[in-house]
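The structure follows.
Think of it as A, B and C in the order they're written, each chain with its own count starting at 1.
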Amino acid sequence: MTHPGTTLVSLPRGRRPRNRRRGAFGRAIREPGAIIGLAVILAFLLLSIFAPLLTPYSSREVSCGVFEAPSAAHWFGCDDGGVDVLSLVLEGGRISMFVGFAAAAISILIGATVGILSGYFGGWVDTVLMRITDYFLVIPQIVLMIVVAAVWGPSLDHVIVVIGALMWTSTARIVRSQVKSLRERTYVRRVEAIGAGHLRIVLRHILPQLGPLLAASAVLAVTVAIFNETALAFLGLSDPNAITWGTIMERAFNRAAVSTGAWWAIVPAGVAVALLIVGCYLLGRAIEDALNPRLRVSHLGLRTWALRQSAADDFARASEPVERTRTTGATPDPGTEDQR
Amino acid sequence: MHRRRYVWRRTIFAIVTVFVAVTLNFVLFRVLPGSAVTRISRVPNASPELKQALTREFGLDRPMWEQYLLYLKGLFTGNLGVSYANRQPVTANLADAFANTLPLVLTGTVIALAIGILLGILSAVRRGSPFDHVMTNVSVAFYAFPTQFLGMMLLIAFAGLLPSAGMSDPFAELATPWEQFVDRGAHLVLPVATLALTLYAENLLIMRSSVLETLGEDYILTARAKGLSRGRIIRAYAVRNAMLPTVTMIALALGSVVSGAILIEVIFSWPGIGRALYEAVLHRDYPMLQGGFLVITITVVVFNYLADLAYAWLDPRVSD
Amino acid sequence: MTPTTPTHPARAVLELRDLRIWFRTDDGAENETVKGLSLSLAPGERLGLVGESGCGKTTTILAALGLLPANATVSGHVLYDGVDIIAGGDRTVRPHRWTDIAMVFQGAMSAFNPVHTVGWQITEALQVHRRFVGSEEARVQELLSLVGLPEGTEHRFPHELSGGMKQRAVIAMALACEPKVLLADEPTTALDVVVQDQILRLLVELSERLGLALILVTHDLGVVAQSCTRAAVMRGGEILEEGTVEQLYRSPAHPYTRTLFESTPDIAQVGARPRPEPAPALLAVDGLSVEYPGRGATRRAVSDVSFQVAEGELVALVGQSGCGKTTTLQAVMGMLPGASGSVLVDGAPALGIRRAERRRLRERVQMIFQDPYESLDVRFTVADTLEEPLLVFKVCRDRAERRDRALAALESVGLTPAEQYIDRYPHQLSGGQRQRVAIAAGLVLHPALLLADEPVSMLDVSVRTGVLQLLADLKERERMGILMITHDLSTAAEYADRIIVMRDGRIVESGTPDEVVHRPGDPYTQLLIDSIPSPDPARTT
């Protein structure tokens, strides 16, 4: 990827992989952050899938006292209606995650389509689409979501569609700039010169390269979607009958969990949201960072190059005196220097 | 000359965006099927007279384009209709709410910016150090907690120590201005802390990665070759240049300020614009909802515009 | 050129002694990139450090200023005026940076901080090192005029300067604190040949006037021969041979040095060749003009260009960046339907055509691109890449036939045995091999006309010859017509049957290499020829 002409210096690159080439995925997945993120997401997915088997009590029926504190029988305590909080959170995770992933899928689909059309065709297509994107980007989405949800009425489907349809802008912008640069790559121009059609170029040469980028956008979109779901639910704009992490917190707030100090009615749902978001964020971030070549170079790290005493050193000193620099004294410390 | 053209373009963009928002507002409330205002019948506690008055006011018996013009005319004369809830003009309601929101949002945002940018820079220049790891991990955690969750936790933790609701204590007899000031300040602490905690993390992460990106630029290597000290390179090069992308990114993150403010005002019963929006949703008070949407959008557009101007001022290359 | 510098000075101003450099890779392995290199530079001497990409030449001079990244380990000594400046790591190098040793980097485009003026950045160097205290402003002006920049340049931002001006400003900044040694890393690589010549002359003149010792890192032997007194040839982290430029040119001891010189085209050695017998024209460009709508007025990228390429003929379109050669090529490819004039490829028009016609055109014309590292999709094997055109045009019945044609194309570009290459991924090929695969992908459709866009400019010198020879063979063997665009007149002169020189969208000269080189009709052609650095040090221009 480095052109001899465009960078200041081309330092030796690492040993090249022998197999099919390690892409951003491959590089990212070696980062501890990405591994933790992926593990968290998978764990939550499994918990959601097997929630009906795991919930100790029914999430709709009374099984203990009002705001009963956590105990061996009810690990996370009970809510205002005497419902087991652990069961609620497990059950709520299913819908919250479904809302998050579905909304993210919608936004990625729209964002990728807009971004590819815009970046690939350029010209007036680009101008029009990017103008629209800019407007969507500036208008505060949460307020628009509130308005739309309020006008259409509270329902989970509305929440999904509204979040998905308003969240695609950042994906569109990132994809567009990536496609624009891919389009200028020599291999794309070569395939174009061969006579390949747009569809072939996009599907076979551009889309596969976007894979990691779309994956990163998707997991980051999940965080925003889940966040927005809890916000809308908290404002009473989600389906009042559905159990989601957002409605659990909303109910707890409105039924005076705060003033009674029943933190256990709030904490499990909030921590579940936070954990899942951290997982998605770590994974998405690791992929994005792996995609950004500029982060791989640092001309001003904390550490600098290291010095190694060579065997030939003694020989050199013997054959011809070498003045040591005054500042270092007798024992120049080899290795890292904090140069501040 | 380039700069002047850039400023013009951003100005026009800002104006057009406001216009788009205004139109969107109209479309959302009037044109879409099942839209709100047309269903006058659903207005709570409305007498037949009021319904008639509303129909006349909105011109609901006229064609769509005439309604649109009527709506625009209303906007320009500052008439956003009458709140269904308290029968007061929407404009007056919003003006009060807006004035209440400003101190909360401004203090919270400024604190979040200051902390986020400072720690972001320190984190970036110590990339890989324990400090960096602690800073980024803590930020990711704060980034991940829902605003309402953080707010409720602070409420529980500081119950009894700090006031938990409203802007001031209505029952206290506060004689001196100083006592009033202290009371108001105490009411500000928890909401501002919640807002700052939710926002600083995003700022820190944005600033950290912008500084890291500039540290990979070739001119940093030139600066080192020039014999500049590490501190000078960080101050005059890395931070200065990293401000460019940061200004834009932070402007785009204004959306989270808005959503944070709404949730916080609901939790702390802060009589601001976010709470007004929430109440409007609860009572299906469509004129208020419409007005609140407009005011918030225009505010965000204005701040975005200011960020664009700041960018033009910071970057001599601005031309496109 | 004044080769007055003594070969064995009393004391070297800069000496590298047994320098070794390792780079740690991500998986923890250590690569030794520079292997025990020793070099000494006398005051005022100009030394060329020559080598191909990856030989460690840039790493070496970065190490001399302690600018290596954190994954590097260094051993050995860098002696400035007899003192080991790297002995204490980064801390002990810093006081010597810019005051004693300064550096000029390759990409002048990105060497300046974009948000500060040129003057600010030069003044900064003076202030940090407390030089010319109180008269910084005057010193900046003096420096800028020293490198031939107009007054007022100090108030301009880097993006407001052209490439050549920027490189001059970079040199001015390097000289700010009156260093004794200047390290220049490919200072002219990104520049056009005329500007390159000016910058090299400037460096030589400054070195002589200021008694500045210079290490010039480059891949171009011509540059070294014309501007240095001594040269060291590097390969694989080691110096293979060292001597005066005369010695190296007249009697190279190492075979690698000989290969390098042989691969460097020498425009003076172009002789008259027999004209090929007339053949029918494959490409006929007549009165081609291309306009781009600009701000206010339209800009003419190409105006009234006419030429022909015959079967079995290699025509080179030569010119500097922005002269319109690439636009001309695009018009021939049928990518600019709005161009005026006429372009006939094998009798079929390439202008004003529709999609279906363009498809048919593509079967007859294929193109080779400049950048071999990016011209192949990294996810595609060689087989995928070669079979793609066949799939696009649906010319084969089945997989087996496609594979056969891919194998045949590989054979014809000299990648034999073809079976050994066909299942590889691009990262398993060298730059030259990649370029051959890209050419093969153009050949599978058996086109009549091949368009080559700077086909060798990003390849190492020693690989260029092979690729150019391949083009010459294809022309002979397959009777293809080849239109090659290049900025390098000497390469064109060595391989082309005819040369067309373009400037500002017009053809200023055309003829056989012999005619164009030895009897140029246009002063611009003469300027181009004079600007090309000759690998023969005796022949100064």
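The criterion applied here is as follows: a contact is a pair of C-beta atoms (placed from the backbone, for glycine too) under 8 Å apart; a residue touches a chain by one contact, two chains touch by 3 or more.
In this text, all values refer to a predicted model and were calculated from it rather than measured experimentally.
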Reference chain C; chain at largest CA-centroid distance: B
Chain with minimal offset from the mean of all protein Cα atoms: A
Gap in Å, rounded to a whole number, between the CA centres of chain C and chain B: 51
Centre distance in Å when chain A and chain C are each reduced to the mean of their C-alpha atoms: 41
Chain A-chain B separation of Cα centroids, rounded to whole Å: 23
Residues of chain B engaged with two or more neighbouring chains: 217-218, 221-222, 224, 229
Residues of chain C engaged with two or more neighbouring chains: 94-95, 105, 107, 110-111
Junction residues of chain A - those touching two or more other chains: 7-9, 297-299, 301-302, 339
Interface residues, chain C side, partner chain A - complex: 17-18, 20, 22-23, 25-27, 29, 31, 33, 36, 53-54, 56, 58-59, 62-63, 66, 68-77, 79, 82-92, 94-95, 105-107, 109-111, 185, 189-190, 333, 358-359, 362-363, 366-367, 369-371, 373-379, 388-389, 392-393, 425, 427-428, 438, 441-442, 445, 458
Of all residues in chain B, those that touch chain C in their complex: 217-219, 221-229, 232, 236-237, 240-241, 244, 314-317
Contact set on chain A toward chain B in their complex: 7-9, 134-135, 137-144, 146-148, 150-152, 170, 223, 227-228, 230-231, 234-237, 249-250, 252-253, 257-259, 261, 263, 266-267, 269-270, 273-275, 277-278, 281-282, 289, 292, 294-302, 339-340
Complex contacts: residues of chain B adjacent to chain A: 13, 16-17, 20-21, 24-25, 28-29, 32, 34-36, 125-129, 140-141, 143-149, 152-153, 155-156, 159, 209, 212-213, 215-218, 220-222, 224, 229-231, 233-234, 238, 252, 254-255, 258-259, 262-263, 266-267, 277-278, 280-282, 284, 289-290, 292-293, 296-297, 300-301, 304
Chain C partner contacts - residues on chain A that touch it in the complex: 1, 3-12, 14-18, 20-21, 185-187, 189-191, 193-197, 200, 205, 208-209, 297-299, 301-310, 312-313, 316, 322-325, 327-328, 332-337, 339
